[in-house]
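The two complexes that follow have subunit A in common; it is paired with subunit B in the first and with subunit C in the second.
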Partner chain A sequence: MRDRRQRTTIAIGWLALLLLWEVAGRLHWVADGALPSPSGVLRQLVEDWGDYPPHIWATVRTSLIGFLVGNAVAVLCGFLMASWRPVGRLLSGINVTLFAMPPIALTPILVIAFDGDAPRIVLAALATYYPTMVATVLGLTRIDSRLLDVVRLYGGGRWAALRWVRLRHALPTLLAGLRVAAPNAVLGSLLAEFGSGSGAGLGHYLIGSLGRGDPERLWGIGLVATAISALFYVAILLVARCWVGAQAPAQESLGSQGDAARGAGTQWLITLVAVVLPLLAWWAAVWGLEQAGVSSFVLRTPADLAAELFSSTRPESLASIIGGALLETLPWCLAGMALGLGFALLLAILGTLSPVLERVLMPLSLLSQSMPLVALTPLIVLIFGRDGATILAITISVTFFPAYVTLAQGMALVPEATQDCVRVLGGSRLKQVRLVSLPWSLPYLCAAARLVAPRAFLGVMIAEWLATGTGIGNLLNVARGSLDYGLVWAVVVAAVLVSVLLYLMVTVIEQRVLKRFAMTPVQ
Partner chain B sequence: MTVGDLRIEAVSRRFDVDGRALLALDSVSLEAPAGSFIALIGPSGCGKSTLLRMLAGLDQPSEGTIRIGGLSPRTLQQRGALGIAFQDASLLPWRSVEANVRFPFDVIGRMSEADRRRVQEMIELVGLGGFEQALPGQLSGGMRQRVAIARALVSEPQLLLLDEPFGALDQILRRSMNRELQKLWLKRPVTTVMVTHSVDEAIFLADKVVVMTGRPGRIGRVIDVPFERERPLSLLNSAECRQLEAEILQLMFDHENDDA
Partner chain C sequence: MTLSRRRFLQMTGSGALAGALGWPALSMAQNGQGTPIGMQASWVNDAEFLGYIVARHKGFYADQGLSLDYRSGGPDVIPEGALLSNRAEIALTTVESTLKAVTQQGAPLVIIGAQYQKNPAGIVSLASNPIEKPEDLVGKVLAVPPVNRLAVEAMLEANGISPDDVRIVPYAYDPTPLLKGEIDASLDFVTNVPYTIGLQGEKAVSFLLYDHGFPVFNDTVVVTRDTLETRRDDLVAWLRASRQGWQENFKDPAYYPPLFADSFFQGNGRSIENEIFFNQAQKSLIESPNGIFSMAEADIERCLTALERIGIQASRDNFDTSLLEEIAA
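What follows is the complex of A and B.
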């Protein structure tokens, strides 16, 4: 009974929100009509429907192929890492790069190097890789060790353990990973279209419509892109439901698998290789493209770029151009990230104080996981104009949801008994939050920061590219147009590098902070 | 020496902890005839689980030998002649009751008509007839533990290992499970080694209670339990049983105090 009443309250809340939006849209409350009414969006969508099919088909096709390719590679790598631990250490450099890399940064190079669908497929595949790889490794390794003991007890070896326990055990975790990867694939495909002229695809359509300043149409395109993404998400969810039923994804392992003791020399060697491997991958990619007939005029190896970076043949050295742009970008990135995290923390706290608020926010946040949120930034540009406010708005919007989900989950996990300790002493809800919930969710705050750092950087770059025309994002856009290939490569590498460093920095801070309180990081 | 004789001879086990050798078991020796029920009891860290893992062939002694009917645990593994049940059942969550009980045969790689009948028989024996297709997640803790026992016995092992099999159950359920286990065991008295924390469980089920002491793990004393089988649950309320229980507890307690 109570359940139904709560559901009604939430439904009314959603309905009220929609109504408010409709009124705000009709009366042009926000930025002179930049926020259209839902009915207006739908009307425009129906009107434009004839234009959609080729765009939808192009986006679905490329993201689907990229999804398949990326997952195949990710599952293979995950399998190797789970089977042979040093592989994971050796690939860690590449993995971190692929996680932290802002997908849009690669666009200019992909567009230079490939034709047709290839840039979109490659970017979709790259965006897919990380979540699936992690899920594969976790699924194959985080197993109650006694299940494996039972196999050994009956004389089963590695192969039997894999066949009877590991593979099947990995399935639900893998499917959960695929669910995260699916919207990423759509996002990758959309972002690859941002910098590649005209053609079919929702990304092209979105950029093409941005200039015309038709809010209804932009929102319609955003809606369709989200629908595709959500469709992918739901499809995998359904497969998971049918296939693995109620079985939960991998639980925490019981026996910890300590690292095999190795000499300090070996450790250093492994770390060195891990750092060098991404560079080698870059080198190999350039070599492969040259063999495939791409003009070496547009390609740069690490050595080429290093030489060009400080070369004095340019009026302003590449290093100083990029340094200046980064100085413009980074403060916005840090500010946006701090605001996004702070906002998420605030709402997570309010959510523990008022469960109704959480019940309204949580579905919205989970829904946002299936949205190619970053790709919808043109909408924000329309509302906030073309100055700093837009950068902040975009960065907050791409960091808030994942941070909120992580934090709310952390706060929900605070043990009842610990909270009761405050309650029995007559402590208020607020005191509970201050003394128990907040300290308890510190690892989750750290995890959220780690999760959103690369996203914040991506958000700022997109805002700069599309709206303000400043910083490294703008450089990414301008360099390609000016056919200055040295600059293109330098900007791309700088963007990837900064993003990786940002991520590593947060990781180091996280380790320091958590070590001080004897806590362990959340995966 | 009869077939199935359990012989543990001067078994030690050292672990490498941060470069330092930690002695978990110090020259443990134990002998028992085939078909005896042995309970290992002692404080945490006394090495009883380590000993059980070595009996299961999941871990190897640093020194000493373990023989069951003249064979090493590894050889028994290869022959599918071991059975084990853990504290929280450790069932495969995606397999039905029937498929979980069948699991040993899947790993061993044989499934005769007799084996198939044996699976059904074991399910009936532990009282889960009608639940063949249920998943572990749909069962109560006690029912899951019954599945684990059935799985451990289905391959008719030469040595049965029980690692606190009822440790997660409440006292009432634990006692009735003890009684059921005894019934099962009396039908085919397989050599059994059980690790437990409960003194009355050890007395009720075992022929020999092995009291172990910690740091390093050693056998403090081996106590023969004199009671006839089949033992009724009311035995636990008898004066003799209480006396024995007090004696064992005193042994464990004394050692703890020596230690401190």
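What follows is the complex of A and C.
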């Protein structure tokens, strides 16, 4: 009964939101009419429908191929890492780089390196890799150790354990990872389409349509892209239901698997290799491209770039150009990160206080994640102008969602008994949140900060590129435009490096804080 | 019955896979017989490149023994990049970017022709808030694509205006901020945006950078020194066929756009009327008494002077007019 009433309330909430949007669009309440009404978007979508099929097909095709390739690699790596622990340590440098690097910084290099559909496939695959890899490792390792004991008792070895326990346990977690990876693949493909110059694809259609000054068309394209992401998500959800049914997702590991003791020398060696591997990968990629006939004019090895950074042949050295731009970008990045986290925390608290409100706002925040920002730029600059406010708005919109999902997950896991403790003593809901939910979800707040740090940098770069024309985001654009490949590589490497450093910085802070409260980090 | 290789690929669907993996050999084969020659356009498929599509459609390249492998551009595509990574032999470029790369970084490139005698880039504003000359820009907000920033600053300086007196913000080719008055003017092709602005019930005013202190070519035809040496005859043949294509196109600027509505222009996000407007507007910017692609000495001279003003020390050697002389003969 209660469930049904709640559903009705949520449906009414959605309807009210839709109605509000419609009225706001029709009466030009927002940004002098730059926010179109849903009916207007729909009308335009129907009118343009003839244009869509080839674009949809191109986007689906490239993201699907990228999704398959990325997952194959991710599952293989995840399997290796779960099977031999040192592999995980060795690959950690590459993993963190792949997780943290801003995709917009990578496109110029991908477009130089690959041809045709390949940049889109590669970017889709890269966007897929991390969530699937993490899910594979978690699925294969976080296992009720009693099950392993059973296998061992019956004389089973490593392979038997893998076959009877680990693989079966990994499947639900893996499928959950794939669900996160699928929309990533679509976004990755879309982003690379801006640069690949191919004739079909929703990203291409979006670029072609920008010049029309027609927000209804742009929103329509954004909604179709969102629908494709959602379809991918639902398809995998259905596969998961069919295959693993109601089987519970992986359990928390009982009994920790501490690192096998190794000498300090070995530890250092592993760390060193982990740091050097991404550099080696970069070197190998450049070498391969040179063999494939790409002119060395557009390529830079780590050594080339290092030499060029401080070379005095330029009026201003690359290092000082990049340094100046970073100084401009970084303060906004930190501010945006704090605000994004704060906003997510506020939403998560509101969500625990009123679950109905949470479910009403959820689709809206999902939409904000998959709409291409290029399509929204006119709206954003009309509302927030071209200064700091826009940078913060875009950064919050890029960061809050993953942070919110992580925090909400943490708050949902608060043990009922602890909450009852406050309730029994007459504490209000708010007090419950303050005394129980918040401290309990501290590890989740830390995990959210870790997720958000590189994204905040990405958000500021996007804002600088699209709206303000400042900092490192603008530099990337200028470098491309003036064919300054040394600068392109320097900006890309600097962006990746800063993202990785931000991530590591938050990880260190997280470890300190959690150690202080005797808590363990969340994966 | 024997199956041709292409038919076989189509039937098995591996053609699509090959395309997805970016194997260039297959896309070249689609244009029939002839020596393949790749050209990289500077923007998405629109009327700016109609001459080449007409030439291909009418078989002008085939008559010259060529098969054109046409590559669309886009906002992130650096046309010169296609030359330097060996994906195309010919690129249409922005002259200031090309010569900056040549003079400051030693890119081995040379200009062998110019599609636009007059660069179509101009300052576009609304008639209700008109900006009709450079001086009107003082104290205003001007949106400029980062690629064109140098050119705008050169125009401002040529008119004695400090770039600090104009607020320059990024432009993402969407005229909405202009229509809503968030910006006062934008830098865009005058062959294109005024049409969109007209559709929204406003009137556009514009002036060309070309007429106000920045007289340069645009869509310059660029090749590598290496290609110039090894494939000179093919380049001459390409220039000849392309010139023919543009001449054919301009016989009636309204004739060809509808013909390619379902092929070249399909799904580019704009209407065919827009392309016809574009095609008509660009006619006077492309045509030259010395023939299409012409680079007259006086024009090269003016272009070099303008570039020098923005710190690009290019020279006459960066232009090679000898191929054009061959097709004139």
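Just so it is clear, the second predicted complex is superposed on the first by the 489 of 523 C-alpha atoms of A that agree within 3 Å, B and C clash if a C-alpha of one lies under 4 Å from a C-alpha of the other, contacts with A are read in each partner's own complex, and residues count from 1 in each chain.
To be clear about the criterion, a residue touches a chain if its C-beta (ideal position, glycine included) is under 8 Å from a C-beta of that chain, and two chains touch if they have at least 3 such contacts.
Keep in mind the model is a prediction, meaning the values are calculated, not measured.
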(Q) Quick check for you: in the superposed arrangement, does A:Y154 touch first (subunit B), second (subunit C), both or neither? (A) first
Q) After superposition on the shared chain, which partner residues are touched by A:P215: those of subunit B (first), subunit C (second), both, or neither? A) second
Q: May I ask you to decide whether A:V165 touches subunit B, subunit C, both, or neither, giving the answer as first, second, both or neither?
A: first
Q: Determine, for the superposed model, which of the two partners subunit B and subunit C contacts more residues of subunit A.
A: C
Q: Go through the superposed model and pick first if A:G324 touches only subunit B, second if only subunit C, both, or neither.
A: neither
Q.
In the overlaid three-chain picture, which partner chain does A:I65 touch, first (subunit B) or second (subunit C), both, or neither?
A. second
Q.
I'd like to know which partner A:G469 touches here: subunit B for first, subunit C for second, both or neither.
A. second
Q) Looking at the overlay, what does A:P302 touch: subunit B (first), subunit C (second), both, or neither? A) neither
(Q) Does any part of subunit A touch subunit B in one structure and subunit C in the other, and if so which residues? (A) none
Q: Note which residues of subunit C are touching subunit A in the complex, please.
A: 16, 19-24, 27, 40-41, 44-46, 71-78, 80-81, 84-87, 97-98, 100-101, 104-108, 141, 145-150, 168-170, 172-182, 188, 192-193, 196-197, 199-200, 266-270
Q.
Going by the contact rule set out above, which residues of subunit A touch subunit B in the complex?
A. 144, 146-147, 149-156, 160, 164-165, 168-169, 171, 244-247, 261
Q | subunit A - residues contacting subunit C, complex | A | 31-34, 51-52, 54-55, 61-62, 65, 107-108, 111-118, 121, 194-200, 204-213, 215, 217-218, 289, 293-295, 297-298, 374, 377-378, 381-382, 386, 465-469, 474, 477-478, 480-486
Q.
Considering only the defined contacts, which subunit B positions touch subunit A in the complex?
A. 16, 19, 53, 56-58, 77-80, 82-84, 86, 90, 92-94, 103-104, 106-108, 135, 137, 151, 155
